[in-house]
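Each of the next two complexes has chain A plus one more chain, namely chain B in the first and chain C in the second.
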Partner chain A sequence: MLRYLSRRVALMVPTLFGVALLTFIMLRVVPGDVVEVKLRADGGHVTEEILQRERTRLGLDKPLPTQFVDWMAGLVTLDLGNSMWTGRPVVEEIGVRIGLTVQVAFMAAVISVLIAIPLGTISALFRDTWVDYVVRVFTIAGLAVPSFWLGMIIILMLLTVFNWSPPVTYTPFLESPLQNMSQLIWPALAVGYRYAAVVARMVRSSIIEVMREDYIRTARAKGVFERMVVGRHAMRNALLPAVTIIGLEFAFLIGGLVVTEQVFNLNGIGRLFVEAISRNDFILIQALVMLLAAVFVTMNLLVDLLYGVLDPRVRHA
Partner chain B sequence: MSQLFHLGEGCQDTRTQDANGSILSVEGLVVEFHTSRGVVRAVDGVSWSVRAGETLALVGESGCGKSVSALAVMRLLAKPAGRIAAGRIMFQGQDLLTLSEAEMRERRGRDIAMIFQEPMTSLNPVLTIGMQLAEPLKIHMGMNNDEVRVRSIELLSLVGIADAEHRLAQYPHHFSGGMRQRVMIAIGLACNPRLIIADEPTTALDVTIQAQILELMKDLSRRLGITLVLITHNLGIVARYADRVAVMYAGRIAEEGPAARVFGEPRHPYTVGLLRSVPRLDRPRGGTLETIEGAPPNMLKPPSGCRFAPRCRWRQDICATDPALRQVGPDQSSACHFAENMPPAAQPLSDYALVPPNAGGTLVEVNGLTKHFPMRLGGFFGGFTTVRAAQDVSFRIARGETLGLVGESGCGKTTVGRVVLQLEKATGGQILFDGEDLATVSSQRMKALRTRIQVIFQDPYSSLNPRMTVGGTITEPLRKRLGFTAPAAQIRVDELLDQVGLLREMGERYPHQLSGGQRQRVGIARALAMEPDFIVCDEPVSALDVSIQGQIVNLLAELQGRLGIAYLFIAHDLAVVRHLSHRIVVMYLGRVMEAADRDALYADPLHPYTQALLDAAPIPDPEVELRRTPRALTGELPSPLSPPQGCVFHTRCPLADAQCRSIIPPLREIRPGHMAACLKI
Partner chain C sequence: MSIATASNTADPRRPVAIIAFCRAQPLGAAGLIVILAMGLAAIFAEAIAPYEPEVINFGAMLMAPSLEHPFGTDAFGRDILTRIIYGARTALTIGFLSSFIGCTLGGLLGIASAYFGGRADLVIQRFVDVMLSFPIIILALVVVAVLGKTELLGIDLNLVLAIAIPIIPRSSRVVRSAALSVRAMPYIDAARAGGYSAWHIITRHMAPNVLAPYLILLTAYIAQAILLEASLSFLGLGVSEPKPAWGLMLAGDSSNFYQEAPWMILFPGLAISLSVFAFNLFGDSLRDWLDPKFRL
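The block that comes next holds the complex of A and B.
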């Protein structure tokens, strides 16, 4: 087990290195850099000389391989560098915002999964009845509706129907849980809808498949109560593919937050990302991409480990 | 809930049997399935009953409704498609169809248990054996954990699983197919049921394991006084284990009666046909098998009148009217207008002999063939181990001759076939085809040789491309390998379809529009297209129904007689192998155990494994079976991953001693032309 784990962690390194290389190259092939954005935005007269001086200060004049090696060396020593725009350490920029994003993501994931699993199961058990149709319409809508649009609808609905709008200023959870939740539940719902839809559809189809298995017939032939046939015999098997989707979609969830944070005017990682890109803040973009990649790879590993817990065939293989 | 429970208790006390002593009687059962193409009456007015302590066999080919009628008894038909449209199912004096779902659930697993065909998929892969065994005990008997544990261990020991305590914590994937079926039996026995319904319980198992499981079931049912309903297509099993037989055809009962009478004096032409179409080990080898022509009807629109009439060789005008099931003898009934004057089941022996192998000399020579597969051990850092799939296998096949290759799963017979076909490279040894070493010939030459070596696969469903018409499948190699023009290829396709007994129009059809037997004929036509000298037949009839199996066996024999093709016939059914082969090689765990001419091998098997195989195969005749005392081979088939040291058979051999555990016995010529690998002969 430990050997398996260490091997899997070791395998994450080349994956992350690939991501780093790709991101680095993609950022540099696009014309323009932070210096231009920064100085041109100030308007006025910027001479080529000033531009060059600023580039030298930020290390943008060095040959690309050197820049890459510098960045890698920083990564290895956990020094992510300073933002090219604000000059503050990247870690700090991310640090102040990450709590909010992680909280929204977790709320979205928990709510979605709690809704999706029973919904998918009921839909499967009442297959081709009106219950199933309602769930299917609900989940198809979840795939079709973009989260930012849903976010705007939620805000408008709260305003027009309840004449209430969520607090504008962010309150940390520990300071005032209620205040905090009343602000963050809405973006969580907006991004979680799609997540719930994807998971519910997966659960539905895998329950339908599992209910056709011979061992379900065996369980019934033993006189097992129908609720145990579903709860014990079918669910344990049907959740295996669902776990994969839950894990992988979690990473997409963070992607969805990039836009939704704008809509809800939340100062989180997503918004930082958008700002960094619009300012060509290479160092910050690279750090954020690496962070997301790390989340993705870790989720993958967690899914595989969870598989071992749920499926004895994997555990003993 | 508690009230319901009392009701259940009450019924338990009044265990009654009806007037003629039946514990279960199915009366006028009609089961319908609603499909997208219409309503299928899978079971159409079927009645059968079983007396307490008796074993009833439901026999018939696939789709005849035997499993469906059993599932109807359990009320476990697939919902919502399946529906019981009419009839009564009387169990201990009560109609099961009138019970509520909750009352029915209480009976399942407690009064009636069911064992299914597929041991590999019938147990839940993510729950331990102990948990699955405990369920009925807790639900029906209300046992606490300690009682469950004691009873579980008792049950596993009862079905012959050693080290029961430890095995309770294991998962199904730790068990072999035979062992899983034992677990299924243990689950079935858990609450001391009155009746066990076993749906093809051994069809997926090897012959020697099949014998173990059936012996176990028979022994337990006698000892514990359990009534058994055995559903099977294997007439030998019926003859060995059943007291009564009900033969089903196309959703109806064709004939019903005591086993001895149904086999001895069958009263329905379908029964006669079935009995005649299986080759038998206890009779001199006949010529062509007498078969039932055609295939069972499409149940969406079954023929009016007698459903068997379209295939019946004694059909008369009156057969257009429905024959009722009627009493035709003491305790025997039949649904045939001519039940009283039925020909005997014994096949009239024709004096046709197997085509003598022509003297053209050796075509295929295999010398010391060895095939090892590297196999990854568990875990990412785990090393490799070697599976010795075939070790030092040698044989010769003359032109126009058939060599039968027999053995149980994992014995390496399919591997040998694949290596001979050069689909796998041999690890060692030599394969000479018409004097050329297949391992060393140039790829150009190999291409030319390949047209002369063809193959017929086991599964007629997956071995044809579903998106190609039959004609297209056969034409492709003709155009691409032999350079036929389109019109020439068409003529050849028609010729080949004639040869394998298919209508020329079938060339336009797609595989899913054909029956299993027809598909296998297409497979044969495809192989014949290249005008091969040699065909490797890998279990070509084992996926087919009995009546269809006979047709294909006859076709293969006839083609050999006409075209002089040599066959390597790989199979596990000893009777079929005997029927077709000139010489036979018996394999076990990758090694040749015995090799001899057909008659010598069957008349006087030398190797204890061959003897056990022949012993384990039941013969479709209750009288013969009564005189035989089957000695079921004990023990499991060892894993090919870690075959036993010394003689691979020593773990299950009745003759084995210390010597056998250390020395690998060489294949020796014991009598002229009769080789065996055993130290004890």
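The block that comes next holds the complex of A and C.
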């Protein structure tokens, strides 16, 4: 197990190196760089000399391989450079915002999974009845409704019913957990609907599949109560594919947050990323891409490992 | 993921196949009807839409839904129904083009990977691994940042590519696994012995046999592409004013009018949801019909 683990972790390194290289190459073929965007934003006339001086200050005049090596060396020591826009260290920019994003993502994931597993199970057990149809419509709609629009609708309803609008600054969790949660539950719900829908669909189809297995018939033939058949025999096997999808969809959740944070005025990683993109802030973009890719790759690894723990048949040599 | 085996009732080349499909999959037929309606609205937008989509009319700002303006008007006095009809054109063009480009390139990459095997397969798959490590919207945003604004025949080419590129690795994985079993078929060996070029075998002998997963991917990713286009336009990084696009109609100052003009956010969002819903419904049924064992 330990050998398998270390091999898998070691395999992540070349993948992430590939991500770094690809991101770097893509960002360096951009015609207009941050210096131009920054200095010419007001439409004022800027001489080539001033542009050049700013490029030198930001290290953009060095040859590309040198820039890449510098960045890689920085990545290893977690010194990701300074934002080209604000001039503050990237680690700091990310640090002040990451807590909010992680909290919303986590809340969304927990709520969704708690809703999705019973919903999917009920839908499977009452297959082709009206209960099943209601759940299926609810879940198919979950795949179609854009999370940012759902967020807008939630705000609209809160505005009309409670006259509540998203606060300009959110209360930190440690200051008042209850108030913080009551503010963040809405974005979590908006972004979590899709997640819940995907997981519920997966749970439904895998329970339907498992219920056809021989060991379910055996259990029934032995006279096991139906509740035990479902709870002990079916659920345990059916939840394995669900675990996979819970892990893989987490990346989608983060993607949804990139857009939904705008709607709720959340100053998180997603909004930072969108700002960095519209300002061509290379240093910040590449740091954020690396962070998100690392989260994604780690999630995949965790899913694989968890699979081995949950299912003795997939013990890794 | 399994081999692409079309059952004999499900031959997509026969024209009666559509009738057979609608009979076997009523939900899919419903999705298809919505898609066709959208398509017609997109093609004949000029004839159907009651107003001009881009003409500003300050005399009719923020009007509530009425007989003249069934979906109301926006902050520039533009008719929302008109903009939604024209928006269908934007959504369908970008959605179809990007899914088509992404699935075709990804499909060819997947077949080539399966056909050549060995070291080439290994290299391509490691590259695909790297591409898959970017969450879809993140990769799309990076491509948007890189390409800037490029238009061709009124279509935002940068946007199409930004959406197509994240589709490539995902579709190539699925097509590769289907192509691996086609690769093992005797007729591929026969074609090789016959001295055909790799390109000929890939396009003429292997590609037709992975058509089922390809079509399923194509419809599934049109839904994704429409959602992604709406998200990017909403962020101000996709289609730009004054062009009509659903995501764009939700962006900018429309959030200032939550209470005074809720129709401004209600209808464009419904249009996005309905179209994605229809493509998902159609795609799901198509999968059940063409290849019940196929998992996406």
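The criterion applied here is as follows: the second predicted complex is superposed on the first by the 310 of 317 C-alpha atoms of A that agree within 3 Å, B and C clash if a C-alpha of one lies under 4 Å from a C-alpha of the other, contacts with A are read in each partner's own complex, and residues count from 1 in each chain.
By our rule, contacts are C-beta pairs under 8 Å (C-beta built on N, C-alpha and C of every residue); 3 or more make two chains touch, one makes a residue touch a chain.
Just so it is clear, the structure is predicted and the values come from calculations on it, not from any experiment.
Enquirer: In the superposed arrangement, which partner chain does A:Gly255 touch: chain B (first), chain C (second), both, or neither?
Expert: In the superposition, A:Gly255 contacts chain C only.
Enquirer: So in the superposed three-chain picture, is A:Gly223 touching just chain B, just chain C, both, or none of them (first/second/both/neither)?
Expert: Only chain B is touched by A:Gly223; chain C is not.
Enquirer: Who does A:Arg236 touch here: chain B (first), chain C (second), both, or neither?
Expert: After superposition on chain A, A:Arg236 lies in contact with chain B alone.
Enquirer: Check the contacts made with chain A and report whether chain B or chain C touches more of its residues.
Expert: Of chain B and chain C, more residues of chain A lie in contact with C.
Enquirer: Give one of first, second, both or neither to describe whether A:Ala73 is in contact with chain B, with chain C, with both, or with none.
Expert: Touch status of A:Ala73: no partner.
Enquirer: Tell me, which parts of chain A touch chain B in their complex?
Expert: 3-4, 7, 213-215, 217-226, 228, 232-233, 236-237, 310-313, 316-317
Enquirer: Can you check the complex and tell me which residues of chain C touch chain A?
Expert: Per the touch definition, chain C meets chain A at residues 126-127, 129-131, 133-138, 141-146, 148, 223, 227, 230-231, 234-237, 247, 250, 255, 258-259, 262, 265-266, 269, 272-274, 276-277, 280-281, 284.
Enquirer: Contact residues on chain A for chain C in the complex?
Expert: By the definition above, chain A touches chain C via 14-16, 18-19, 22-23, 26-27, 29-32, 140-141, 143-146, 148-149, 152-153, 155-156, 159-160, 165, 251-252, 254-255, 258-259, 262-263, 273-274, 277-278, 280, 285, 289, 292-293, 296-297.
Enquirer: Under the stated contact criterion, what part of chain B meets chain A in this complex?
Expert: Per the touch definition, chain B meets chain A at residues 74, 76, 105-110, 113-114, 116, 118, 121-128, 135-136, 139-140, 171, 173-174, 184, 187, 190, 378-381.
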